[in-house]
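Structures are listed in the sections that come next.
Both complexes below contain subunit A, partnered by subunit B and then by subunit C.
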Partner chain A sequence: MKSGKFWAWVVFIVGAAYFFIPLMATVEFSLRMRRGVHSFDAYQIVLGDARFQSTFLYSVIAAVFTIVLGVLIVVPAAYWIRLRLPQLRPIVEFITLLPLVIPAIVIVFGYIRMYGSNSPLPFLGSNMGANALLVIGYATLSLPYMYRAVDTGLRTIDVRTLTEAAQILGAGWGTIIGRVILPNVLIAVLSGAFLTFAIVIGEFTMASLLNRPAFGPYLQNIGANRAYEPAALAIIAFAITWGCMSLIQILSRFAPKSANRPN
Partner chain B sequence: MAEPFLSIQHVRKSYGSNTVVQDFSLDVEPGEFVSFLGPSGCGKTTVLRMVAGFEEPSAGKIVVAGKDITRLKPNQRNVGMVFQAYALFPNLTVAQNIAFGLKVAGMAKADADKRVAEMLDMIKLPQMADRYPYQLSGGQQQRIALARAIAPKPKLLLLDEPLSALDAKVRVSLREEIRSIQKKLGITTIFVTHDQEEALSISDRIAVMYGGKAEQVATPFEIYNRPATKFVANFVGTLNVLEGKVTDAASGKVQVNTQEVSLKGKLNGSKSGDTLSLALRPEAISLDRQPGHDTSLSGEIAEVHFLGSVIRVRVGIGGNTVSLDTFNNSATPPPVVGEKADISFASGDMLVLH
Partner chain C sequence: MTDLSLSNQTLATRPAPPKEATAFRLPTQWIGVAPFFIFALMFLILPTLYLVVGAFQRGDGSFTLDNILQLVSDPSISSSYWVSIKISFWSAIIGAFAGLAIAIAIVRGGLPSWTRSATLTFSGVASNFAGLPLAFAFLATLGRVGIVTTLLRDVLNINIYAMGFNFLTTSGLIAVYLFFQIPLMVVIIVPAIDGLKKEWGEAAATLGATQSQYWRMVVIPVIWPSFLGTVILLFANAFGAIATAYAFAGPALNIVPIKLYSQINGDVLHNPQLGYAIAFGMIVITGLANVFYIWFRTRSERWLK
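Right after this comes the complex of A and B.
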């Protein structure tokens, strides 16, 4: 065996061990709830817990709204910047990076001060308002990933010529974005959506400080008070993430074909 | 005279202090095929984009069928356009691409399907309806782009260097196809190109552009044979330029090197002693005296290139060099470099460049 190939295998095995050993250990630990035998008791308890179901459903709904809001903001913005305001790109890129630099706790404290029940925009005065604020906060947190994914997608198509071709055929802006631009960056939007979903499902700080019944605070609560159930929850969350990735892969097969994705 | 279908009136376009189109005017008759020909940066595409509505003129107006469209948005102009980069929508099939404009206009599906089938027949690609753009060659994509532009029955067809990205063989066949479709439909067409052969071969008229201005607007025959300016003469076709000195303005005598040429009636106010640039197309010159050739100049063979059916010869006449092509004749060997040679031409074919 050539030495280059040998070291490649060594690196692969070390990397795989780094990822899989903790995972396997967590799986093994999650099965030890019943003394002396391996069982799925921890999983049964977690999945049977009404709070698990309600918080998970809450976070999934919040994720869907976040993705819709993110797409509505990011796709037209990234498109317009590519088409008409390319000089603004560095500024917009900087702004979209801010959520990575500013901790979520700072953002949420700002929200609480700005949108408290005594403010002119009392989002926190009602449950629906607080939910909306959480979704807005999540959209902010996912901005760096969503913007980059969409911008990369736009880079693969000739935005200006396609826009002009649609315009000269009589299309207005809604038709151009909905029928020409969005379908051609759908894969990029889906990957941005997946990242957004992953962020929202596990997010703790915003949901906790806005006192929302989300999955993140539930995970933290279980982790602090139980032994085997948090391990089972971690594995379930991992499976959900992998499920999402598979779903994106399957969906992308049905996405419109483009000249940039021949097969 | 009938009212022009498209009237571009004193149009100017500036970006800050940089003026790319200066006082451009052109009237196009209904059904006419007019080419904008010129080098890169001459403003031809900018004028086309102003007609399409993608650029707004800094001054002047554009009228189509009697209606001022200068400030209308591109999607309100009912103009078809074919782009250099094809610009087919990658996510749509060929049929969906062609139907795009029809759908936007709100045409019923059955009618749109019928029109798409008509268009596919017209471009001779009826079997391609369900293909995606990435499954087509460049020539096929451009034909689909043409069908898509024509499908909504636009008033005006704009072609922005549609053949530039194609290989030579496809270019020739597609330009003939474009012309035949245009004639069949009788659609008024503006064609932008930097390829003179393309412009000369398919246009009713050509506007030769340079520095943001139309240097000459005329038929291909006029442009080639009677160029109005030095730029047009140099840009269109191959040209031999000789320096001459007016010896007798009244009788039209001009001295080239040490030999005299008579250009009566062509000197346009030049005075004796003036230096002139005289131009001759290679095909107007021959090495032996042909019927109708009333002028000859003596020189020496400087270069000979055997190209098969044609022999390209360069003859030195004093400080000038004249290029000419002769047909290969198996009975006559090609001229030899250094040999004395007389070239002859009709003085009427000599152009005085101003």
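Right after this comes the complex of A and C.
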């Protein structure tokens, strides 16, 4: 048992070294822009860059729309399947797994061919259409995470009783979903939302192939042309991902732990 | 007798009104799931089918197998498939074993409890830290002027680039991909190891099993399906990844996603049908991998309930 503990420490320390050395080296590298001293010059240049601000803002807005679209699609479907159509669950679960099977580049290639400017549904014919298609693509990518998060949230509440109680009080379907179910699964939805945000914010393939002024293509451009700024950007991106994951962890503490009656 | 049957009849007709109501509500029965299915059809299934069908067509729409055959006969395409499969395979295998070792160390190794929560938190972050920023981090570390490269050169007098190290080799990319593969393995496999019930260990000990027998005959058979399933998920994860590799070398690197990327961007192959075939090949490979994944997962869930 003693040797078991020793090896556990060895594995833990080797693993920690593999993950922390690149991160510390990146921090160190990002501070080296001014010769001879440590400085935040790289960060200043990056954060002050107008293109950083505009592309980052663009991606944040795209992420927000993605989350809204994802919620609008996933919450009613997951709710309805729990309440009325449990026989559809395997089909829906299979579909939500598809974005893990089909690489993002393939999905966006399909979009480009199917929704080009001279197709019946010319999303790519206008700027707004292409923006919409990017949000749609991101919503597709986040489908597996969003669905699982919402479904887990629904599992912890008594969907049927809540629905019946709301119906007895005279609520329509919109009220039931918007004012009864959604608030109850809000924490689960928010976890899915932050995960979506972390995935979408630096996404490169779709944004680049749809030719959108998003943060991912900006990162690529800086990476190809600068020395110290990419390191600063990597640290910023890591901080954003870390922030999203911490928010999910904090939220999970507020989540209801068990169902009164499992469905 | 007749009275009884009459009352039975009234009883039998009792559920009728709700039944009528459901018949009346039949369209609304589907309205909740309709947006989901329409969305999935329009933006996931049809675009993919479009490419799959296109892979079997000539430019004029007639049926052909030439595009698919060209995947094998064109050496630059078939080699890009091989490089991609090699990178995905080894990064999945190495990532899976390293992740399993870390997971066992933090769950069963008797380490203080902060190691577990710290590792899980970090894994959650690192498994989502991929793409361009990951490449930047590695360039800052092991690039030609990276911190570790220069430290090794100046302090230990080791020039890793003179020794043949390069991110653009298969092994270089595998090392980088491990940065998100290992944490993903940890995130998925820790619940499986947690699912090993304490009672099983006690039962095995009561029956006189040694520690190694317990591992060989209880732990490994129970973890095996979810382990194998995760290996396959890691494979698909690496196979579709493009941004990290693209940041290292731009379009020059010969892996399938980058091949397809250049094809979409500039039509370098001068044949859109061939692009469909490349996309089809990718779906087939990740699709096969995921069929196995689902199969293994359902097998493992039987035990880990």
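Rule of thumb we're sticking to: the second predicted complex is superposed on the first by the 222 of 263 C-alpha atoms of A that agree within 3 Å, B and C clash if a C-alpha of one lies under 4 Å from a C-alpha of the other, contacts with A are read in each partner's own complex, and residues count from 1 in each chain.
One rule holds for everything that comes next: a contact is a pair of C-beta atoms (placed from the backbone, for glycine too) under 8 Å apart; a residue touches a chain by one contact, two chains touch by 3 or more.
This structure is a prediction, so every number in the text was calculated from the model and none was measured.
J.: I'd like to know which partner A:V92 touches here: subunit B for first, subunit C for second, both or neither.
T.: Touch status of A:V92: second partner only.
J.: Between subunit B (first) and subunit C (second), which does A:V180 come into contact with in this model arrangement: first, second, both, or neither?
T.: first
J.: A:G216 contacts which: subunit B (first), subunit C (second), both, neither?
T.: Only subunit C is touched by A:G216; subunit B is not.
J.: So, does A:I157 touch the first partner subunit B, the second partner subunit C, both, or neither?
T.: So A:I157 only meets subunit B here.
J.: Thinking of the overlay built on chain A, is A:Q167 touched by subunit B (first), by subunit C (second), by both, or by neither?
T.: So A:Q167 only meets subunit B here.
J.: Have a look and say if subunit B or subunit C is in touch with more residues of subunit A.
T.: Tallying touched residues of subunit A, the top partner is C.
J.: For A:I61, select first, second, both or neither according to whether it touches subunit B, subunit C, the two together, or no partner.
T.: neither
J.: Please report the subunit A residues shared by its interface with subunit B and its interface with subunit C.
T.: none
J.: Which residues of subunit A touch subunit B in their complex?
T.: 157-158, 161-162, 164-172, 175, 179-180, 183-184, 256-260, 262
J.: Okay, in this complex, where on subunit C does subunit A touch?
T.: 28-29, 32-33, 35-37, 39-40, 43-48, 50-51, 54, 98, 101-102, 104-106, 108-111, 115, 119, 121-122, 124-126, 128-129, 131-142, 145-148, 178-179, 182-183, 233, 236-237, 239-240, 242-243, 246-247, 250, 257, 260-261, 264-265, 272, 275, 279, 282-283, 286-287, 290, 294
J.: For subunit A, which residues are in contact with subunit C within the complex?
T.: The contact residues of subunit A facing subunit C are 1, 4-5, 7-9, 11-12, 15, 18-19, 21-23, 25-26, 28-30, 72-74, 76-77, 79-81, 83-85, 88, 92, 95, 97-114, 136-137, 139-140, 143, 173, 195, 198-199, 202-205, 209, 216, 219-220, 223-224, 227, 230-231, 233-234, 237-238, 241-242, 244-246, 248-249.
J.: What residues on subunit B touch subunit A, complex-wise?
T.: Residue positions touching the partner: 52-54, 73-75, 77-81, 83, 85, 87-92, 100-101, 104-105, 132-134, 145, 148-149, 152.
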